[in-house]
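Input: structures, listed below.
Each of the two complexes below includes chain A, the first together with chain B, the second together with chain C.
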Partner chain A sequence: MRPVLLATDVLIFVLIAAVIGAGFYVRRQEYLLASWRRVGESRAGMAALTVLMAFLAVGLLDSLHYRPRLQGTNGESGIGYATEVRSVLDAVLMPLRNRAEKTYSAPLATHLYAKETVEMPDGKQARVFPRLRHGGAHLQDPEAQWGVDVAWKTARGVVLAAAAWVVLAALAARLAARHWRVGWGAAWRRLWRGETRFAWNAVLATAGALLLLAGPTASLAVDYHVLGTDKVGQDVLYLTLKSIRTALVIGTITTLAMLPFAVVLGIVAGYVGGWVDDAIQYIYTTLNSIPAVLLIAAAVLMMQVVIDTHPEWFATAAERADARLLALCLILGVTSWTGLCRLLRAETLKLRELEYVQAAQAFGVSSLRIMARHILPNVMHIVLIALVMDFSGLVLAEAVLSYVGIGVDPTTISFGTMINTARMELAREPIVWWPLAAAFVFMFVLVLAANLFSDAVRDGFDPRTHLRPRRGRVPGVVA
Partner chain B sequence: MIAYILRRLLYAVPILIGVNLLTFTLFFVVNTPDDMARMQLGIKRVTPEAIEKWKAERGYDKPLLYNEQAVGAAKLTDTIFFEKSVKLFVFDFGRADDGRDIAHEIRTRMGPSLAIAVPVFVLGLFVTVSFALMLVFFRATYLDFWGVVGCVAMMSVSSLFYIIGGQYLVSKVWHLVPISGYAEGPDALKFLLLPVVIGVIAGVGSSTRWYRTIFLEEINRDYVRTARAKGLSEIRVLFRHVLKNAMIPILTGVVVVIPLLFMGSLLTESFFGVPGLGSYTIDAINAQDFAVVRAMVFIGSVLYIVGLLLTDISYTLVDPRVRLQ
Partner chain C sequence: MTAPLLEVQDLSTWLDTGSGTVRAVDHVSFAVYPGETFALLGESGCGKSMTALSLLRLLPDAGRIVGGAVRFGGTDLLALTEAQMRQVRGRDMAIIFQEPATSLNPVLTVGSQIGEVLARHRGLAGGAARERTVQLLVQVGIPDPQRRLDEYPFQLSGGMKQRVMIAMALAGEPRLLIADEPTTALDVTIQAQVLELLARLQAERCMAMLLITHDLGIVAQIAHRVGVMYAGELVESAPRQAFFAAPRHPYARKLFAALPRPERRGAALDTIPGGVPPLTKVFKGCRFAERCPEAWERCHAEVPAWHEAGEGHGVRCHLYDRGSGIGNQRPAGAGERMVEQTMPARDADTPAKPLLEVRDLKVHFPIRKGVFKRTVDYVKAVDGVSLELHAGRTLALVGESGSGKTTAGKAILQLLRPTAGRVRFEGQELTGLSSAQLRPLRSAMQIVFQDPYASLDPRMRVGDTIEEGVAALGLGRRRSAELLDKVGLAADMRGRYPHEFSGGQRQRIAIARALSVNPRLIVCDEPTSALDVSVQAQILNLLKELQDSLGLSYLFITHNIAVVDYLAHEVAVMYLGRIVERGSVHEILRAPKHPYTEALLSAVPRIDGESRRPVIILKGDMPSPVNPPSGCHFHPRCPQAMDVCRKDYPGETRLSDTRSVHCHLFR
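Up next, the complex of A and B:
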């Protein structure tokens, strides 16, 4: 196989590297560490972070792309590679990906959801629900065996999940015991009762819940379509897992793309003032005054024309779809940087008048250095809060934009395209609810986790929230 | 005050010029009219004559900025820039790429858009402010906690699901109102009911939380303590004192969207088949009708600037300390 680096893959890995780098930086800065500790105390925030990490793991697996080697020789060149780009996630989920049915089938079903005319063994024709090609194909007599088989496989999944969780918990207890120099039992009690500053018990409980969901799902997915199949017989579980990467890319790379503009222009406008300030304010007022959907629509339509008229730029269909995804991120970034830019300008205007900045000016420190060394670190909390708060909004926006027809490429699997293809299915008789329900649940959990985590980050970093006496103990959701 | 408004309107001119230049660049420089013609007529197998004909019919066959063949002032006016962009300033939108008059479409479609957007706006504001005040009244209790949890959960649901779910439950399962459609006059009520209710519900989560934060900022101020010390009831304190003092941040977020109500809601109108400006925009986007998109961009910017001006004026109404000069 030959590795393929899509543009969004590169940006995702750059982002991960930046986060790790920032982690090392924070470790050395006591005041930042204090804020992060406050974030770590939030049980809801840490539970949400655990869920986000699970989503992130799926998204990262889906970001390692390659082109599989073709079997047999391919003419003169020797080795040939398929034009289809796969990811490691595809390889892991290969059974799900390849076991397509003919059309709709309900979750865990053994028969198709639509009747078909089939030839009976005695030569007559009959309208029946035919057996699925893959779902429950190992059962000799589905009516009798199905219940026992599903129950047994669910139980197997639960046992495996419980075992995995016990191993995880033991590992945590072992590490904690070593750290505090106490026995395993004592360490575990401290962790579980929440006697630690970091909300370890929330993390462990959430990890347990996730394992409990993932275990039976994986165990059943070997033989069944756990979330059913869609109109063309694709496994819905596979589609939802593939949608996660698209959502993560839109939610993170958009912010990454707009961050340099917002930070540099915001700080420069606030610090330098004068005509520079006027010019920057003019730019963002102009961009802001165009309704966002229309600006995105205009830009995406134009981008589509560019992509369509230059097919020679892209070697594979995946690269083309990826170019459109990246373009969408950049466009969303261009339309959404103005809010952060305005906030940073206002904050810089305030900071500019403070004593330490004036002292630096009196010492003859250059403006560039003052902005980089004295202003930027003191507005970083605003940047961070904006970053985490934008994420959920962007994930939701992707679905709406894909519905309007200006979102991701129709061949890219995303929550938006899933909803778009499935939205008429509730009007069917009998109704097909599982593709919509699956997209709804996964999207809801992702966005809810992102919202809870961003609340925790805001509470930890916003100076106003922790100077104010906290009323009651309302974890995480103090607004 | 009048002088202030006039000056603000003058400030709007460079912004609108900027908007026009931006859309002009996007629509005519990034892609030439030839590209657009090819998109409309199909990428492959399209003759140069067909492209020329398409361009000539829609007036895209002129030079972009400067016409050397023309005489006098027509050197500047007989161009795409003048015909398609400058004329927007006098609200001359021209014709859509399918030949229909855009201004006429906008006039007829404004009614249905407003019929949904205005009730959603007014009801939504009333419901969310009351709900937020209720949460603040019961602050630091379980009601407040679960109210906020509910708000966070509600804002984590995509608006698509509110519409799809609402249509399914109310129209398909309970058969209360038609799934989609629109009628003029009193018949419109049964078509409008569901979109309005869904529009209000979809906005409850984030707005309530936002207003609750604003009210909580006010609740610890000295004037509130004084009001309580005077022996006023908590309800009276909240509605008479806190609400009034929280008006400035509320107006900042609310007034600016009032003019934009004309634009309608893209999703609601398209799902419910309402012939308003929102569905007009969506249809134009899907048909890649750039003339309509350009017109809507311009109208949107004008309305946004009007909204900013209205916001400033509304400050003077609620806060006598604010003077515009």
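Up next, the complex of A and C:
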């Protein structure tokens, strides 16, 4: 096989490297560390972070791409590679990926959801719900065996999950025991009763809940389509897991694209003032008054034309789809920096008048240096809060845009494309509800976790939670 | 004696905070009698405001009253339900807060805010309420009350807002008025107006007043009895005369000694080492023992009891334990132990060449309007200021807020570009230089700001903050350790962040930062006005010491006359962007000529309150610098205004070598 680096993969890895680098930086900065500690104390926040980490793990596995080697087809011409790009996640989920049915089947079903005319052994033709090719194919008599089989496999999954959780808990207890130099039992009690500053019990409980969901699902997925299949018989569980990467890419790379605009323009406008401020304000008011969907539609269509007229740029279909995804991120980024820019401009206007900035001016420190050393670190908390809060909005935006048809490439699997196809399925009789439900639940959990985490971050960085000692009376009291 | 109106017994209020339980008020007992003003005096963080809020049961969410009794006219307030308590607030007791700007609702008219109280507590509505509101506004001395009734708070000046607050408090006809630092946010001439108003209203209505303040001068002016609070405890309580004649508690004595006064020129001020201890800990001994010069072992081991030390004079100190008998040896009076020193010889001779020479400095801020942002008018913040400052001397720039002193200071340093005029520093013209040309001169002139919380970057270590200037100007050697030592801080504090320091320590850091580049001139922009008296004394001592050892010149911008009297060599008084009088500190402060200077000086509350001078109460407020009055800017408020004052701005009259005044009286 040959590794393939798609553009978005590169950006994702750069981003992760940046986050790790920022982590090391934060460790040395006391004030940042204090804020992050407060984030770590929030139980809801840490539970949400655990969920986000699970999503992130799936997304990362899906970002390691390669082209599988073709088994010697053409004799001496050497090694050939498939034109299809796969990811590690595809390899892990190979059974799900390959076991396609003919068309719709309900979750955990053994029969198709549509009647077909089949020839009976006695030569007559009948319209029946045929057995699935893969889902529950091992059962001799589905009517009788199905219930027992599903229950047994669920139980097996639960037991496996419990075992995994016990291992995880033991590992945590052992690490904690070594850290505090106490016995395992004592360490575990401390962890579980929340006697630690970091909300370890929330993390462990959430991990347990996730395992309890994942265990039975994995156990059942070997023989069934846990979330059913879609119109062309693809496993819906596979589709939703693949959608996670798209959502994460949109949520994170977009912010990466918008950050330079927002931070640089916002701080410069606020600090320099004068005509520079006027010009920047003009740009973002103008940008803001163009309907965003219109702007995005126009840009995406233009990108599409460019991509279509240059097929030679892309070796594979995956690269072409990825280019469109990246383009969408950039376009969303360019249209969404105005809000943060406005905030940063206002904050800079305030900071500029503060006396420590004036003291720096009195030393003749250059404007660029003042912006970098005094203004930027003091607005970073706003940037961070805005980023985390924007993430969920962008994931939702992708769904909406793909639904409207100006989002990602139709071949890219995403929550938006899933919801788009669900339009027809909901109008069908009998109704096909599971693809929409699956996309909805996964997206809901992802966005909810992101929102809860961003709440925790905002609280942690809120200056009111650690008020400086003030003179005079306590604020917030009315006469 | 009549029964007390308010009786507080063993009141304790605790606050639950992240760093533990703060015992903000700890077994405080006092009584307020009808028609009496009881002043609670103390530094910030001593629990004065918490006591007041406890009386009204208006504590913040984290606070709770854990013990004691509050009896108001016989009823126990702590036993009332919340609904009954609402009846008490406003009708029986009312409170006015420090900051008039945030105490009024900006989207309601003055009339409707006062009307609310009238409707709630007096059952008045419609025409009757309006009539009563007008009466109230007349009582608090607001001119043209019919019109003011329908105005919004933003249309009123600070002094007017505080008057409206007082009118609101009076609307319920309370028997007790709690005034929490009522004049701290106001200028000294406005403060004089408000204090006079409070004293008058109290006498007229025979109302009791609980005055909370940190200012000994205000206490001397209007209080009948005084209670001194320290670290959540009442440490001394006495009638005013007895207290000012002979404060008993070492803390109270130290407070007096820390006040800057002319008699102490040249000598270092008495300071109280350290700061108020954190109230989260449980005290084993006396709370003041750590800072007390007279403490002995017993003070650290045993909590002092309350001792009677004369007629109505109580004190919480082991010195006054009847058995020990030490206490009566040294009832050090307020005016005692003052070192009479002659002025340093430097005061007299003036070096020939001034270090800083400012001529006709003007700073006008354009007011822009309309789509094209055309300049329609100017705010004439500084409008023709001329002054001179010689090496090693201190020039105080005195004036009320809005007089343009800070703007002038910044324009001299070229932090703001002046509109016109000349600034010569060591013979070199500064105006018109580009910022690159100015950079080599930056090291010679520095600035220390007012707010120690805003003047240090919270995200930078103290060492980096101090060394920023050296790095920016490429002066080589970094010496933050040495500088920290010089301003009285430990060198190993370099690695800490500003939030770990108290206000006074921060101000020391700000001074170290200014010193880092070896300046010859430092503009001190109200460097002590955000600090407590004892900390202010530390900073003033430091500034003085640095001037003596390094030969620094200070341009000292302040509104605090006492500080001027202690520190300055020369004084320039500013009013509405112009200097109205200028001269040596003796000439100006002992024999003011300009009517404004006279009024300003008379308005300063003195602690030797017995020798009451007539306070010249100025009418109205300072006009807006957008359109200053014609002729002399001061004539609308001047008690001696003549016809010519309305027409022409008076030119400079030189009264002596050092002294000049702008007033038609001296033409």
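Operating definition for what follows: the second predicted complex is superposed on the first by the 458 of 479 C-alpha atoms of A that agree within 3 Å, B and C clash if a C-alpha of one lies under 4 Å from a C-alpha of the other, contacts with A are read in each partner's own complex, and residues count from 1 in each chain.
The rule is short, and it goes like this: a contact is a pair of C-beta atoms (placed from the backbone, for glycine too) under 8 Å apart; a residue touches a chain by one contact, two chains touch by 3 or more.
Note that the structure is a prediction, hence the values are computed from the model and not measured.
Judged by the touch definition given at the top, the superposed model places A:280 against neither chain B nor chain C.
Applying the stated contact rule after C-alpha superposition, one finds that A:202 touches neither chain B nor chain C. When both complexes are overlaid on chain A, the residue A:378 reaches chain C alone and has no touch with chain B. Counting residues of chain A touched by each partner, chain B versus chain C, the larger count belongs to B. When the two structures are aligned on the shared chain, A:354 is found in touch with chain C, with no touch to chain B. Judged by the touch definition given at the top, the superposed model places A:31 against chain C, while chain B stays out of reach. By the touch criterion defined above, A:297 lies against chain B but remains apart from chain C after alignment on the C-alpha atoms of chain A.
With both structures placed on the common chain, the touch criterion links A:248 to neither chain B nor chain C.
Comparing which residues of chain A touch chain B with which touch chain C, the overlap comprises 468, 471-472, 474, 477, 479. Remark: chain A residues 29-31, 354-356, 358-366, 369, 373-374, 377-378, 466, 468-469, 471-474, 476-479 touch chain C in the complex. Considering their complex, residues 282-283, 285-291, 293-295, 297-299, 301-302, 305-306, 308-309, 392, 396, 399-400, 403-406, 415, 419, 423, 426-427, 436, 440, 443-444, 447-448, 451-452, 455, 468, 471-472, 474, 477, 479 of chain A touch chain B. Contacts from chain B toward chain A in the complex involve residues 14-15, 18-19, 22-23, 26-27, 30-31, 35-36, 38-39, 43, 139-140, 144-145, 148-149, 152-153, 155-161, 164, 167-168, 172, 179, 209, 212-213, 216, 220, 260, 263, 266-267, 270, 281-282, 285-286, 288, 290, 293-294, 296-297, 300-301, 304-305.
Here chain C touches chain A in the complex through residues 18, 44-45, 49-50, 53, 58-60, 94-99, 103, 165, 168, 180-181, 184, 410, 413, 415, 435, 438-439, 442-443, 445-447, 449-451, 453-460, 465, 468-469, 472-473, 497, 499, 503, 510, 513-514, 517, 530, going by the rule given at the top.
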